[in-house]
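The structures considered in this document are given below.
Two complexes are shown next, each including chain A; its partner changes from chain B in the first to chain C in the second.
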Partner chain A sequence: MQSEMIKRAKELLASGEVARVVGWKAGEFDYDITPGVFTTAEELDSAFLYNDLCEANLSKYMIAQSRKEGKTLVFLKPCDTYSFSQLLKEHRILRENVYVIGVPCDGKVDVDTVKATGLTGICSMTSDGETVTVKTLYGDSTMSKADAMSERCINCKSKKHVVYDELLGEEGDVVADNHRFDMVEKIEAMTPDERFEFWRNELSRCIRCNACRNVCPACSCEKCVFDNEQSGAFNKGASDSFEENMFHIIRAFHVAGRCTDCGECSRVCPQNIPLHLLNRKFIKDINELYGEYQAGENADERAPLNTFTTEDVEPSIVYERGGKQ
Partner chain B sequence: MQKIGVFVCHCGTNIAATVDVKAVAEALKGEPGVVFSTDYQYMCSEAGQNLIKNSIKEYGLTGVVVCSCSPRMHEQTFRKAAQSAGINPYMVEIANIREQCSWIHKDIWSATEKAIILGKAAVAKVQLNAPLTAGESPVVKRALVIGGGIAGIQTALDIAEAGFEVDIVEKQPTIGGKMTQIDKTFPTLDCAACILTPKMVDCAQNEKIKIYSYSEVADVKGFVGNFTVKIKKKARYVDEDKCTGCGICTEKCPVKNVPNEFNMGMDNRRAIYIPFAQAVPKVATIDANYCNMLKNGKCGVCSKFCTVGAIDYKQQDTIVEEKYGAIVVATGFNPIKLDDFDEFAYSQSKDVITSLEFERLTNAAGPTSGTLLRPSDGKHPHTIVFVQCVGSRDTSGCGKTYCSKICCMYTAKHAMLTREKYPDTDVYVFYIDVRTPGKNFDEFYRRAVEEYGVHYIKGMVGKVVPRSDGTLMVQASDLLSNEQLHINADLVVLAAAIEPDKSARSLATMLTASMDTNDFFTEAHPKLRPVESPTAGIFLSGVCQGPKDIPETVSQASAAAAKVIGLLAKDKLTCNPCVAQANELMCNGCSSCEKVCPYGAITYSDKEFRMPDRTTAIRRVASVNEAVCQGCGACTVACPSGAMDLKGFSNSQIMAEVDAICK
Partner chain C sequence: MFTLPVSKLNDLFAAVASTRKLYLPVDDEASGHAEYKVWHEGVTLSNALNTARSAKDFFFPQTENLVDFKMEGKTIEVIDTRTESEDFVVFGVRACDARSFDILDRVFLAEPVDSYYKNRREHGVIVTLACTRPEETCFCTVFGIDPTNPAGDVSGWIAGENLYLSANTEKGEAFLSSVSKLLAESDDEAVKAQQAEVKEILKKLPLGSLDLTPFKPENLLKLFDSKRWKDLSEACLGCGSCTFVCPTCQCYDIRDFDTGHGIKRYRCWDSCMYSDFTRMAHGNPRLTQVERFRQRFMHKLVYYPSNNEGIYSCVGCGRCLAKCPISMNIAKVIKALGEEA
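The block that comes next holds the complex of A and B.
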């Protein structure tokens, strides 16, 4: 796949169809693959990567890239196309300046999952699609790819690209029977005290690095409320730990109905906070109260949270449910 | 920093009995910006208003906080007072220490503490208030009346009489409502048709009135003075302009077994029908559920016989869009379904009927041409039992908790008319109470008892059992003589409770008009503004607002018309200056706000912005049309980045209030 992608990218660069390419390249550690911008065939040959470790969702970069001179080629995995399409819906990306090539994905390997198995001193990781080989300071070890995948990939919601100009490889389908709400259900079953304790404990580890917000395709505001002195939410977090928790709750509200469940927030969090659970709770509630809805699936469809119909649930029903838990 | 004056009102004892007003005035003295703080017995009185005006001048106040009743009562009063003393009216804030404090608390200490907190929040808000100037918007000089019963008819006629155009949207093929089905009317016993038909004809002939029959309101946008309404004209498969109402089609149509709703299903009509002889408009309608031609393309009889070629099997629903300055709701009522009242055997026996069915059985245009006959065997009933309060004043959960108000009187009417026409008939009326508090009402009821010998029995009917000989065994208790009664009746008439039309709730949602838990529309003030909805520009007429008889309906209908005329007589309305505004530097152009705006006030444009690195970028940004925005604030909540803000209720003002409360 990688060589095919490089070939197409070179062709499009050579023909002048696109001015640059957004893809993946090696980062500081070789298992830490990061987004990269390529403008020449040489750069592509020497640095462009596409393998089981390319986790990053490249869609958000298109907000800035699509405003540059000339078209930008971007490679999007199926789930990334949902974010891309949601950004189109919010008028954040200039579609005519982007050339999208959809690439297949059968789940990405995640270094945190690998670390969680107890391995330390990891130097590099490779995957052949079946088995992951991990080189550590203390020797090599192998595991099946399924055991090395992150939760979001195990519970993949779709292998289908919702927007593209061109596809490479086989097109897949929406995965209907994923288990992405299992953990949300467990949290819902907790008593309010237990739930409060659960979240206080998780969120207490937050160091307010802002990585979750910065990576989030739904958090694409020109000026985020947390950076705006006038907003009244400015610097939520600095004063005490409770305020700090509010950052996450406000953010979850802001992305509600727009979050595609791409899982980037939880992936980049250096403190391994399961942020996606907050967003999934909203998604689950929206599904239950307003009917099944997947943000990003359809750029023309109106979103339940900002669509008003006379069939909408009455507030009383929402209260009832809220009160029950 | 503003120079703020605080005025704490006693409201007689309304506030002062539960809130230590002096302590409130004293406590607020210490708040930042407060230069003057006092209390007074009635702030809204002339002396109270003068106190504000004089203090503004004396202390050079730039902001005013009045701790008093709800802003809905007197915000305008105090704004005007401030304005006349030379400060911008929007520099006045109200702390509601009556409805939200003294009226709902008992303990002086905690009520006073709360009043102080509410006062502090208002002071914190005024600090951030900015002067605002209201614009003006034009008034569309045309009214819409939804529902063409006697209420809607009367309102429309009165509005038209004043010279304004008015449209009636009626969902049935004809206007007239329930009154068309009633035979004679209490308390005067004049025939309903005789007094209603001329009004229906007036509507049809009045050139200011346009009737959209067989139509429904599909969508409402806009605001007082400027509503845009989509009206769905349902396909009636007959060209209204061509049809002369000759009725030949309704005689020739081969489908003869359609239950006739005008006669409460007690006889049949054809698939093409005119509801009754005096229908307005007198135009035929094809019932698509029964018409052979529409169902399977095999027939076409009506079209062959129609001499003017009015039949059009291809007609489609059409949507008409119209603009209105005011909307009147007159959607009326229906008797409740009696499925939950098995004890009365309504669904088991044809001879257990509702009062409205009884009206049809005694009406000359009804299924029996006005002779009172039992529906089961067409024989004369000799013993009739009337049961009042079926589903009214019912706390068991099966029916309605409220009193339907009209049943006592129409039951007396039915009983009296029966005895008059058929003196050989025994008539029993079972009641919980007889309520007759109207002009000439009690006299009417007493006539039924004293002159017509109707047996009024205070008590409940426990069970009605159909017997094999065709009679009905009525088991009841007589509460006054404390005995069980068994009456062998030929006919049982149930005075079913009435409820608002089922379509009222979705209509209320479209109109953003509020309703009570029974789905009756609520008025802006139960005593002082009984015909206005709290939503500006929406008025209420008839039973849709609460149970009423015809005299009351008509007076309310005329009152609503007067309010509408008052509105339409104005050329311009003062707009609310508390409108939304987008900060372009922060706007993402994401359209969240536009999608939630119920008034369509938000548009987008691409604008060039200077970037920090001296380049420029074109960005899509929102802007609000101030003449259209109603200041509902929906957009400010939808906007993730906080770019959208509401003047007079800015995010920072609200935050300041919250902070003041939590301090």
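The block that comes next holds the complex of A and C.
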């Protein structure tokens, strides 16, 4: 796949169709791949990479890249196309300046998941699609790819490309029988006190680095309310731990109905806070209260939270449902 | 050198904790990380190589109140809220973080002395632990740090079934004498054997041969003007992960918080990666992420050493390598700029 992608990128650069290519760049240890911009065939040959370790969602970069001179080619995995489509819906990406090539994804291998198995000193990590070979300072080992994938890939919601100009490989299908709401159900089943305790513990580790916000394709405000001194919510340093927790709760509310569940927030969190669970709770609630809805699936469809219908639930629903008391 | 069986570690912790707060790396189940936590009965020392957050938090916390103001009519009362810090011990600090304190000292203890930092520094005793299982992201040796011989008030080694301790400072001597009942005198054979063994692993570290020679004051402008900053920073998200997990990043912002009854002036960690960093009346002097990104690495590799006898303000702990959302980091910057120089 990688060589096909490089070939296509070179053709599009050579013909002048695109001015640059957004893809993934090789690092030091196979797993430390950086999103990168390529403008020449030489750069593509020397550093362009696509394999089972390319986790980053490149769609958000297109907000800035699509405002540059000339067209930009971007390679998008199926779940990235949902983010891209949602950004189109929000008029954040200039579609005419982007050339999208959809590339297949069979689930990504995640270094933190591999580290969690107890392996340390990982100098190299490669996947053949079935087996992951890990070379460390302390010896080599192999594991099945399924054991090396992060939760978001194990519970993949869709392998379908919802927007593209060209496909390398199949268009793909939605994965209907995923288990992505299982953990949400577990948390819903907790008592309010247990649930409060669960989130207080998870969010207490936040160091407020803003990685979750800055990587999030749904967080595309030009100036975040928390960075705006005039907003009344300016919050560079939290006055107490509860205020710190509010940052995440407010962010989750703001992306509700727009979050496509790409899982980048949890992937980038340096403190391993399962932030995607907050967003999934909203997605699950929207599905239950307004009918099945997947943000990003359709760029023209109206979103349930922005559309009034007489069938909408009444606010009193809040008192009628909820977890164990 | 003194020794104590590892099986008696709990007694040591209990003895220390009976007189002052004891912090040590503890495994956190929810995150899968080790983090410094207060010891109490039942808490055990983590086996992890290092904590996710650095040890700088003990002396330079993420947020702290500096002073209060009360307004009445046209008079403003300034209330000094500083209190004397309590004594505390941090056990299990690694060599990289121990070096970071020297780097922070040169900033906070230089004139004008930062009394908040100094207060905590004076009341804290650092007991280090030598590394036995470095990660691929470790490159402290590049900065002349020996992870098998960590600094601190007391240096420590866990070799075989024993903990070995050796004092380096007066504070360290006092610490050891406060727990002397638990300690026995020992030679350093076991420690030496372990050091030799770990040094063989250090030779294999993939980043152990990073070349710092181009990073010298004479090259300041050449490095500053490098064409590489643009592509290196292109994917940077402008978040603060690297700066907040870094043991040597020491920039902060000072802000006022209106409580409704007065003003609390606080400081909080700031990040050169943020768009409002060092913003002045005219705006941010670093207009794009390229300049902000460059600032971080120029500071660590050129500006700081220029002002501090050639000492780099990176200790090679590898936290930023492990935590950057886009896997861009100081090792890649050193390599890329080094190729050019």
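The criterion applied here is as follows: the second predicted complex is superposed on the first by the 315 of 325 C-alpha atoms of A that agree within 3 Å, B and C clash if a C-alpha of one lies under 4 Å from a C-alpha of the other, contacts with A are read in each partner's own complex, and residues count from 1 in each chain.
Convention: a contact is a pair of C-beta atoms (placed from the backbone, for glycine too) under 8 Å apart; a residue touches a chain by one contact, two chains touch by 3 or more.
Bear in mind that the values here come from a model prediction, so they are computed numbers and not experimental data.
Partners chain B and chain C, brought together by superposition on chain A, fit side by side with no clash.
Annotation: apex chain A, arms to chain B and chain C, angle 120° (C-alpha centres, rounded to a multiple of 10).
Residue by residue along chain A, chain B and chain C are tallied for touches, and C comes out ahead. Touch criterion not met for A:K186: it reaches neither chain B nor chain C.
Contacts of A:S231 after superposition on the shared chain: chain B is touched, whereas chain C is not. With both structures placed on the common chain, the touch criterion links A:F308 to chain B but leaves chain C unconnected.
Applying the stated contact rule after C-alpha superposition, one finds that A:R67 touches chain B and leaves chain C untouched. In the overlay built on the shared chain, the residue A:R200 is in contact with neither chain B nor chain C. In the superposition on chain A, A:E90 makes contact with chain B only, not with chain C.
Within the superposed three-chain model, A:E222 lies in touch with chain B and out of touch with chain C [touch as defined at top].
Per the superposed model, the minimal spacing between any CA atom of chain B and any CA atom of chain C is 6 Å. When the two complexes are laid over each other on chain A, chain A has no residue in contact with both chain B and chain C. Residues of chain A that touch chain B in their complex: 67, 89-92, 220-225, 228, 230-233, 254-255, 302-303, 306-308, 310. Put simply, chain A touches chain C in their complex at residues 27-29, 31-37, 56, 61, 116, 120-123, 136-138, 201-202, 205, 207-211, 213-215, 227, 236-239, 264, 267-268, 270-273. On the side of chain C, the complex with chain A involves touching residues 28, 30-33, 35, 49, 52-53, 62-63, 133-136, 201, 204-207, 231, 234-235, 237-241, 243-245, 253, 255, 257, 264, 266-271, 274-276, 321, 323, 325-329, 331-332.
Within the complex, the chain B residues that touch chain A are 506, 509-510, 585-592, 595-596, 598, 604, 617-620, 638, 640-643, 651-652, 655.
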